[in-house]
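Next come two complexes, and both contain chain A; in the first it sits with chain B, in the second with chain C.
== the complex of A and B ==
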């Protein structure tokens, strides 16, 4: 098959669009890991829950998913804070296996609650811009992807500003850097953990909400993204939210262009080849500190 | 009767003759001399003779006295009456005993347990939950109608277990069903990948499994003796689709030509298998021979399908053959086809497209053609299905569709075998399944019934070609003898659809 330049650019753009969503999902995941040292397997399930809330607010109130994201963010922040307070705080000092099991259990719980109440049928959100396309220079831009992309970029910028400019953001980063030192200087780390988990949860839910304008909602939806989010998190250096934002874009573009230029079935394998190559030559990830022997 | 009128009966001469033989017999039994002694009579010693004489006198005395006793008519009648009463009493007791021993004793088997490993979560959970709903309705109806007649009315009990749409989990749950729950049979759902692993466990345990639409041909070529499938294998289905394209769609629409085709399938067992058979069918000298301009296998469920659609856009096929297991992928692709204005004369679809949520796309979803064992048009030709449609709608809020119908037919096939086997023993049910011979009204699909070949394939299976027409219903458009509606071919372009040029359904 001859490679058409326009189609190649289109596939790169598609990679950037989906990569931005990977970035947003991964940012929450890496934030939780960096600060709390917990690998949150429930991240995909919480993302899926955000998708459902966007769907139901659209279904009953006619609220656009982008607008519902404004409600979803505080709601899921509170939910995340509560999960930390009533569940994770009890196992924060436990072994990593116990932490993995409890977040995995939380995933099963959330998925089964959703299955119980809403069954597993996929649900589609139809907005005024669901079928809106722009054509420019032989390229096609569909409104749902473009809008979701910019929403994800805005969230990324907002996250960066929050973590670098606000006192709570600085406290989160300080705790991530050195938990004991943060406690020594008066940071209430337990509260910071709650806020971090709340923030990570809210980011996952918002990522879920903003893709509902083009992505089907079902109890399994979050898992498709969680798998790649783990790759992105490691690629961008564990705990580094900026690395996650860039890593998401890399994985998205590699996946999409491989599918077009080479083979669709090579999309994931090649994404993992890139992932392994970076880890072999840069074991600390793209944005990690150099490991010292 | 007057007292003086009674007469005397004498058994004298007869009795004496009989007494002699009788006494001889008694003697022989008493003193141990066999009348059939092959060594012949032996000369007895004086002691033996004395003992024999003593014994004979002891026995023959009272007997002879009794038999020689003269009885009056009244006594005779009385005796006969007593004997008659005795006979009646003995006969009544015998009849009672016979009745007791042969009476219907209620269920000899407490219940018949059938395992249902369904995808209740994961990528195909919507289909799994609807199949579960139909299975529950079947169970309720079966038990309300008296349960298993062949087992004295024993009830049916279904055990549902979630295989998470994951073949590895499927293997584990199948093992649980056959080894822990000790089910009599297993009804698998519709995904080939799940049927593959689950049936390995049931086969090992000697428990029969009946599946509906698991269409990968390899399932019935493994030499398994406990695996049965109601539907047709993908190899035959793929060729039938090519045949339908040439013999009906192109023949009836001579203005449309098809030179290039593309194949698009996911990486599940069903997807890769169906994709392979599409390619193989194109080698058929009669129905194949098109240029395969693109052959894509993607990972499903996908997060984005742009690159695959761009590949197809570059290849420009006239007809697209697809095999997608997941409805989420069917939705993503259809949206992307519209986004990139990718037009085909027609698109052959299966599985994911047939999942009802696909129809939420509205007019964007219209016109793919699929092969199915069931379509809503059968509600007209088989009116008894309307009752089940009502029950299904009441339970799920949805109209009945192909996969729940498969569930009904699989369970009915198993229950028929249990009734004929008159046992809940898996081995006996398996033997009964081998001689299954059901008619068209024993199944919901458009089959001629159910009869299994030595490989476990249903020799009475048939396929329908259905198309999602603009009333958003999958209608039967082929093969021509059973078509209820005219196929829309070629399907309208996206530009035509945007301009509102969407053809209405036309009955044949």
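== the complex of A and C ==
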């Protein structure tokens, strides 16, 4: 198969567009993992819940997913805060495996309750720009992907400003760097854990919401993002949200070009092999522990 | 310190022997097919959970990809029978051998990883194999393998007209896995494994090659889980990657041990004896989705309330205080 430059560029672009979504999901996961030291298995399920909320607000109120994201963010922040308060706070000192098992149980719970109520029907939001696209230089830009991409970039910038400028953001990063030291200087780490889990959950839910205009909603929708987020988090160095933002783009592009150059079915296994290679050969990831130490 | 045998009254042994005789004899007298099938599932998942517990219990390494070995076992039986018309009994050699080989290859790099990283790595490895099987025509890809049905034959390992044969094979397998766990626990090999679990650096410093010990027990564990996959294949008679290698199967394998007590001999059996009948009941009454949701809740409650499992919790609460009084 000959590789055409325009088609290759097109697939790289597709990778960047979807990669920005991976970035957002992974930034949430890496904040939780880096700050609370909890591998949050439920991240994908919470993202899926965000997608459903976007779908239902569109279905009943006709609200565009980009607008409902403004409501979804605080809602899922509160949900994440509550999950931490009632579930995770009790096991913050337990073994990492216990924490992994509890979030695994939470995933099973959420997914199957959703499956029970809404079945595995595939649902899609149609917006005014759903079938809109632009041509430029032989390339095709379809509106849902482009708009979701810019929304994700905005969220990424907002996250960066929040974590570097606000006092809560600074406290989150301080706790991630050194829990004991943060406590010593008067940071209430328990409250920070709640904030972190709320923020991470809200990021996943918003990322889910803004892609509902092109990504079908069903109870399994979050799974692929969860696994890829693990890859991105390890690639971008655990706890490093900037690493996750960059890593998401890298994985997105690697995935889409594999699909173009080689085989679409190879996209996911390849990402997993990358994950294992990083874990084994460079566990610090691409960007070291800049945020943690 | 008192040994466990001194702690347990003699009645407990009588009770155990009684239960065993009952499980062996009662089906002959007559049980409904439904109960035999529930018991069969109970034996199967007690067996694979005992296998998983060999690694998790003796070394503390939580493997989140045991469904991979389960699937390997199931497919080895399926491919031998369906593709080559070789007796599925041969899978008891082929399946565990492939599973142990995979455990060796994947264990070598992953045992260097700590706790949750190890768990994640094993999870991802099982996903890679699952995705590969979905695309691999030799094993039927996403369509899977359907068995040609044979009514009743010892040679072809199919007992469709009378599930009692499966029942007794399952019972023998569970007893074998219990015996294996007991033997390892009381061997020098087992003692060294537990030393590694409790203090890896300490074990290294007295000259134990910790990696080699972990590899050996993980190979045994993988082989046992693969044998469970064979039994599953022979009575389900239909295999596809999602029903044999998915996370649901991993949960099926790990949950009995987690509930009963990781690292105890009887824990996985006790856990399966609680979980399997409960899940059958729930599936029939409220449907499989809510049943799986409840399974999720059980996972969370185990971690929150009995993180060390039923067996250990009972020992800590009721048996250890008695020791102090003496």
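The definition used in the following text is that the second predicted complex is superposed on the first by the 270 of 293 C-alpha atoms of A that agree within 3 Å, B and C clash if a C-alpha of one lies under 4 Å from a C-alpha of the other, contacts with A are read in each partner's own complex, and residues count from 1 in each chain.
We adopt the following convention: contacts are C-beta pairs under 8 Å (C-beta built on N, C-alpha and C of every residue); 3 or more make two chains touch, one makes a residue touch a chain.
Everything quoted here is computed from the prediction, not taken from an experiment.
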| item | value |
| --- | --- |
| Which of chain B and chain C A:115 touches, first, second, both or neither | both |
| Chain B versus chain C as contact partner of A:90, first or second or both or neither | second |
| Which superposed partner A:58 touches (first chain B, second chain C, both, neither) | neither |
| First (chain B), second (chain C), both or neither touched by A:265 | both |
| Which superposed partner A:104 touches (first chain B, second chain C, both, neither) | second |
| Touching partner for A:18 - first (chain B), second (chain C), both, neither | first |
| Partner chain in contact with A:279 - chain B first, chain C second, else both or neither | second |
| Touched partner set for A:228, first chain B, second chain C, both or neither | first |
| Touching partner for A:214 - first (chain B), second (chain C), both, neither | first |
| Common interface positions of chain A, toward chain B and toward chain C | 111-112, 115, 265, 268 |
| Chain B - residues contacting chain A, complex | 120-123, 125-126, 128-129, 267, 294, 296-299, 301-304, 306-308, 310-311, 313-315, 327-328, 331-332, 335, 338-340, 355-357, 360-361, 364 |
| Residue ranges of chain C touching chain A (in the complex, touch as defined) | 62, 64, 109-110, 112-113, 115-117, 119-121, 124-125, 127-128, 131-132, 134-135, 251, 258, 287, 289-293, 295-300, 302-304, 307 |
| Touch list for chain A against partner chain B, complex | 1-2, 4, 7, 10-11, 14-15, 17-18, 21, 111-112, 115, 119-124, 131, 133, 140, 142, 214-216, 218-221, 224-225, 228, 252, 255-260, 263-265, 267-268 |
| Footprint of chain C on chain A - complex, ascending | 39, 87, 90-91, 94-102, 104-113, 115-116, 227, 230, 265, 268-269, 272-273, 275-276, 279-280, 283 |
